[in-house]
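Let me begin by presenting the structure, written as structure tokens, before commenting on it.
Just so it is clear, A, B, C and D label the chains in written order, and each chain counts residues from 1 on its own.
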Amino acid sequence: MSLHILKKEDLTEFLTKLLPDYRVAGPVKENGGFAFQEIRNPADLELDYTTTILPPKKFLLPTREVLFNFDNSNGGEIQPPPPAIPTIIFGMHTCDVHAVQLLDQVFSAGHTDPNYVDRRNQTLIISVECLSPCDVHSFCKSMGTLSADEGYDLHLTDLGDSYAVDIGTQAGRQLLEQYAQTSMATPDNVQRLNNVLGEKWPRFPYRLDFDVSDLPSLLNMTMKSPLWNELGERCLACAACTNVCPTCFCFDVRDDVELDLRHGQRVRAWDSCQLDEFATVAGGHNFRTSRALRQRHRFMRKGKYILEAHNYLGCVGCGRCARACLVDITPVGVFNDLHRQLEVEGRL
Amino acid sequence: MIIAASHPTVAEPTLDERQLYLPNFVRILDIKPLTELEKVFTFELPNGRPLGHRPGQFVEVSVLGVGEAPISISSSPSRSSKSFELCVRRVGDVTSALHSLKPGDRVGIRGPFGRGFPFEKFRGKDLLFAPGGLGLAPLRSLINQVIDERAMFGRVVILYGARNPGELLFKDELKRWDEMEDVELYLTVDRGDDSWTGNTGVITTLFRNISVYPRNTVAATCGPPIMYRFVMMELFGKGISEGNIWLSLERRMKCGVGKCGHCQINNVYACQSGPVFSYKEIKGLEEAL
Amino acid sequence: MSKRIDVHHVTRVEGHGNIVVEIADSQLKECRFDVVETPRFFEAMLRGRPYIEASHITSRICGICATGHATTSLRASENALGIKPTWQTELLRKLSFHGEILDSHILHVYMLVAPDFLGVGSVIPLASSQPDIVLRALRMKKLSGDICAAVTGRHTHPIAMTVGGFTHFPKNGELEILRQQLEAARADVDATVELCASLPWPQFERDTEYISLTRPDEYAFIDGEIISSDGARLPIESYQQVTNEYMVPHSSAKFTRFQRDSYMVGALARFNNNYEQLHPRAKAAAAAFGMQPKVTNPYLNTAAQVVEIVHCVEDSINIIDQLLQKGVAPEDPVPPSTQGGEGVGACEVPRGILFHHYWIGEDGKMTGANCIIPTNQNIANLEGDMKSLVPQIMDKPTEAMQLDLEMLVRAYDPCISCSVHLTKVVRP
Amino acid sequence: MSQNNKPKIAFFDFTSCEGCQLTVIDSLQTHPELLDVVNIVQFREAMTEKGEDYQVAFIEGSCTRESDEARLKEIRQQAAVVVALGTCAHLGGVNTLKSLHPLPEVRRYVYGDKAEWYETYDARPIEAVIPVDFAIPGCPIDRNEFIGAVKALLLGKKPPIPDYPLCVECKLKENVCLFTRGQVCLGPVTRAGCDAICPTYGQSCEACRGYITNPNDTSMRNLLAEHEMSVDEITTMYTMFTAYQVREKLMQAESASGR
């Protein structure tokens, strides 16, 4: 769609106008790093951020959410949660935009998940173009997520003193018209944009030793690799990797009841396949007993299972899990090791 | 005007899907203890609407405040359209809470979920049922439906094993099946007691007693995780083809609708694609058996 | 007349203690307060641990004065290692210290002492009979806990305090909210004064030596000099001249004496020694009780605590104002300037003066420790009070006598779990 | 609910700082309705009445002398459910630190030549003396976890005490990991449930809640070693609250290798 120009000095006004109508979430400085938080003061928004510990997923799939409230007094009455709050996620990187597209697919395939979808449909995404890698752990270029051509409502590219605003959806267009002061891009602006995009590309390294389209078949051939056992010996089963991942969506469901034992809530909360109890059934049988099997499950999901089920890769190359892992288990390391093994065995 | 809402990004849920996580309440009509650990619950369907299940499907049962658990529907759809039955073993929080309920109490139900047994494919075949322990609960639904349409099937052979005589489920029904001319029932227990005169040994020992016509036989089995490998070997030994062996698999489940990830077997969600699978479908899955 | 009073495990006090009084032929034969708490050996446990752990371990001496122990411990380590904490650190420590004083005093006044006056066995029946009182207590206690939590993470056992500073800092916004809540709490504070001033405090006078810390600049809680109401001032390093610990077989806690047979520490001692430095609103509260130094009725220790509640609320507002004026900024802990050393820390924890004395080796491991707990210092004085009280009340029915004695014990707010660590310090 | 059919619960304290009982009292600030649903019949720290008729006993503190064993056994006899309240009761806690030194030496250190006046033996969790049904870990316990446990007991459920590492909660709080800040932390092997309060306030987790059932101990020790900790320092760090368990393990290993 068409390209607009938003002057940097007009950003504050844009945000100020949005705040009364929307819950606006965006990256802010926190504890020496960045985190997606609800923005209360436009000055807090840090569009020039690197990465965050938790992905913006938490605004679409909260770490803990109420599925319904109940009152047990007379045989049971339930009340669904209040409707979702109109939200704008401001400043998403393109890896996270890809991740949200996967989540959209997961939660609308088969049975549509009403809670997710309600929240998603009340949410607009304003993404930003990354101009240099977050840090050494990013491998977005290898995963094909260094840019996004859909999945956002508005997309900003930093041109120095202004942002080029790409309109992704009709909703994005309306938002811009209603809340922001922009001008149409001039040929000059377009030239600048081309330069910026052209310059950024070489700044990002390819970090996989092979093309990502080979990843599923690579994983297909390495189900029995000894690497999984090595990972199992190292892995602390701390679940940091899955908890910080923008594409992980597994959850636990439990009831929280008040002391009167009558009122309460059924709650869903993030869960992780790396934890002992995840695949354990009553009586104690665990279908993925070893850390090795759980690590294999994780990486198979990222590069194969989710793709097979939903047509999207389960990893967007954001590098969050690599940053979070204390024992240096990383997708790039694992995928390249598997690739090397096949090479050595002459199976490629 | 809030712009987001007027431009949905993802297709809106249907009315039914809006209820996805919200249980419906059903009243307990009757509770029958079967053994020390198992009870059969009969539930009355609200406004007489049939549950509409297939044998092999399950429901998520809620005791509000305690939680939810997946339980197979144990009654046959051919028997009653006003009620259904669940056979529940007391093992943890939700199942213990269920056991403490009385007739007249209400519980929440979601479902039925999952893919049941492909009943149509069984027509005209010889049927071999091999439940172990609590595995009889889901198979009972199928067996009774077969019995109700007995003429549509060839031989009906049931091989049922439990750990000891006290743990045999549905003893009345077993007796009825045993008395039927056209049903062949063989029982075994791992360890007998003074009163036990039947076969002792694990379920696989029963296979020795029977011969089947492999090309026309369909087998259905359900039991504790360790049982499958051994039963499978017996079935292969009888020459039954992979596509004709049907298993109902147990996994941890939270949502029952293919989202929560707990029941995943490699790339397959057991709650959606299963819990009933043919061996052919799962033999490529590393983590299935 | 012969009577025996034997209260096994006095209730509504911290830790385990027994009252034993025996009167035969109208003669007082036996009058003891037995400390029967199990010994805890904290000093011995500290040996060999990194000094950085000392405040975490010693806060576990007592759940109710955990912040006091931690602060005293940090001051001992800092004095041993030549560390001077920053202005901000000192203010933040004072703020969380006030939180603890408030928490402990409110617990003591409302939940441990008040039931005696209101004729119930605990605060629980009051929840239905006088809910406003209970809710007020819970409200005030919550605020005190919130003060501690904002600064150190929680009251029992504080987290963010470390040798040389803090590992976490309250946001200015959090302090602003606390300030508002403290201002709003003035109504509850006034109601507390009013309620307590109306209670029939037992009449009993016995002059003794009152010992506390004192500072030139403020009503002392952290650091300062030791002062005696009998006239003596000593640096904290000379604490052993004051405490002179000795042991008796009936108690697992150590006893102490300075210039008389016994001395008293705690809110009343602080009140007597540092009255002038109390906030004017606190002085007004003292007037409501008719209290002017020197107060010699030990039952009024609880009243002195109420006066301190007023003072701490006002002073907390004060501290927050100072912090907000500059804005709280994260700062790294001040590093040690020596490797190893010996140091004493002293604080006025809710129940009185507390000393920690540490020896730290060059490898940063603790080589020796001594902790002197306020309740220890009070037990000899408590027994002295009992001995002079019993003859005055001997004619009362046993039950009434027992209640008077239990109330006396509670007035001291003894913290017996603290008191049992013990004895002779073995210098490395 | 009338006073009569409310479950009767009692609190007991052995060697401890009483911080867990204080946390119970503090939980009333947020959950005053607790008093409506249970009948507290004994709580020495807060009430005079000493009811001996109770169904649930919450026991705080570790057992540090033989003479306390009889009382513990009495409580076990009376109570249908015994809950270890806090780390001292559950694992032994800081009290067991002294068991890292030989006992006679500890006594001499603290009591000097009067050592024999005071009875003491190796501090131990109450589980080492009587069977315990449930434990609420933590030094001190977490207020919400205590309330959660009470609810579960009222419902006849097992208290929902997590059996996964603290890092789970720490990540969800978006704390910058202490290892990233150049410090060390026991979070990866420690039982969650405190909402990662120590890392949140800038301090390493010291495993006050004890370890998860299935920790990757080898990998954890390697990780600490990579962060320049010696074996001794690692042991010191591991034993702050769990000296009893660590010593038991050592003794087991010793007797195994002796054979």
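The working rule: a contact is a pair of C-beta atoms (placed from the backbone, for glycine too) under 8 Å apart; a residue touches a chain by one contact, two chains touch by 3 or more.
The model shown is predicted, which means the values in this text are computed figures rather than measured ones.
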> Which one of the chains is farthest from subunit A, going by Cα centres?
Replying inline: C
> Any idea how many Å lie between the Cα centroids of subunit A and subunit D?
Replying inline: 38
> When the C-alpha atoms of subunit B and subunit D are each averaged to a single point, how far apart are the two points in Å?
Replying inline: 43
> Which whole number of Å gives the spacing of the CA centres of subunit C and subunit D?
Replying inline: 25
> So which stretches of subunit A touch two or more other chains?
Replying inline: 254, 257, 261
>> I need the residues of subunit B touching at least two other chains; which ones are they?
In response: 65-66
>> Where in subunit C do residues touch at least two different other chains?
In response: none
>> Run through the chains and report each pair that touches.
In response: A-B, A-D, B-D, C-D
>> Per the contact definition, I'd like the list of subunit D residues that touch subunit B in the complex.
In response: 155-158
> Where on subunit D is subunit C touching in the complex?
Replying inline: 13-23, 25-26, 28-30, 32, 35, 40, 43-50, 64-65, 68, 93-95, 97-98, 100-101, 105-107, 109-112, 114, 117-118, 120, 139-140, 197-198, 200-203, 206, 233, 236, 240
>> Quick check: in the complex, which residue numbers of subunit B touch subunit D?
In response: 65-66, 93, 96-97, 100
>> Can you tell me which positions in subunit B touch subunit A when the two form their complex?
In response: 2-14, 17-18, 20-23, 25, 62, 64-68, 91-92, 95, 105-108, 224-225, 250-252, 254-255, 257-262, 264-267, 269, 272, 286-287
>> Using the touch definition from the top, list the residues of subunit A that touch subunit B in their complex.
In response: 21-22, 67-68, 70, 72, 75-76, 78, 80, 86-88, 104, 106-115, 117-118, 120-124, 169-171, 174-175, 178, 223, 249-255, 257, 261-262, 264, 266, 268, 271, 273, 278-283, 285, 287-288, 293, 297, 300, 304-306, 308-309
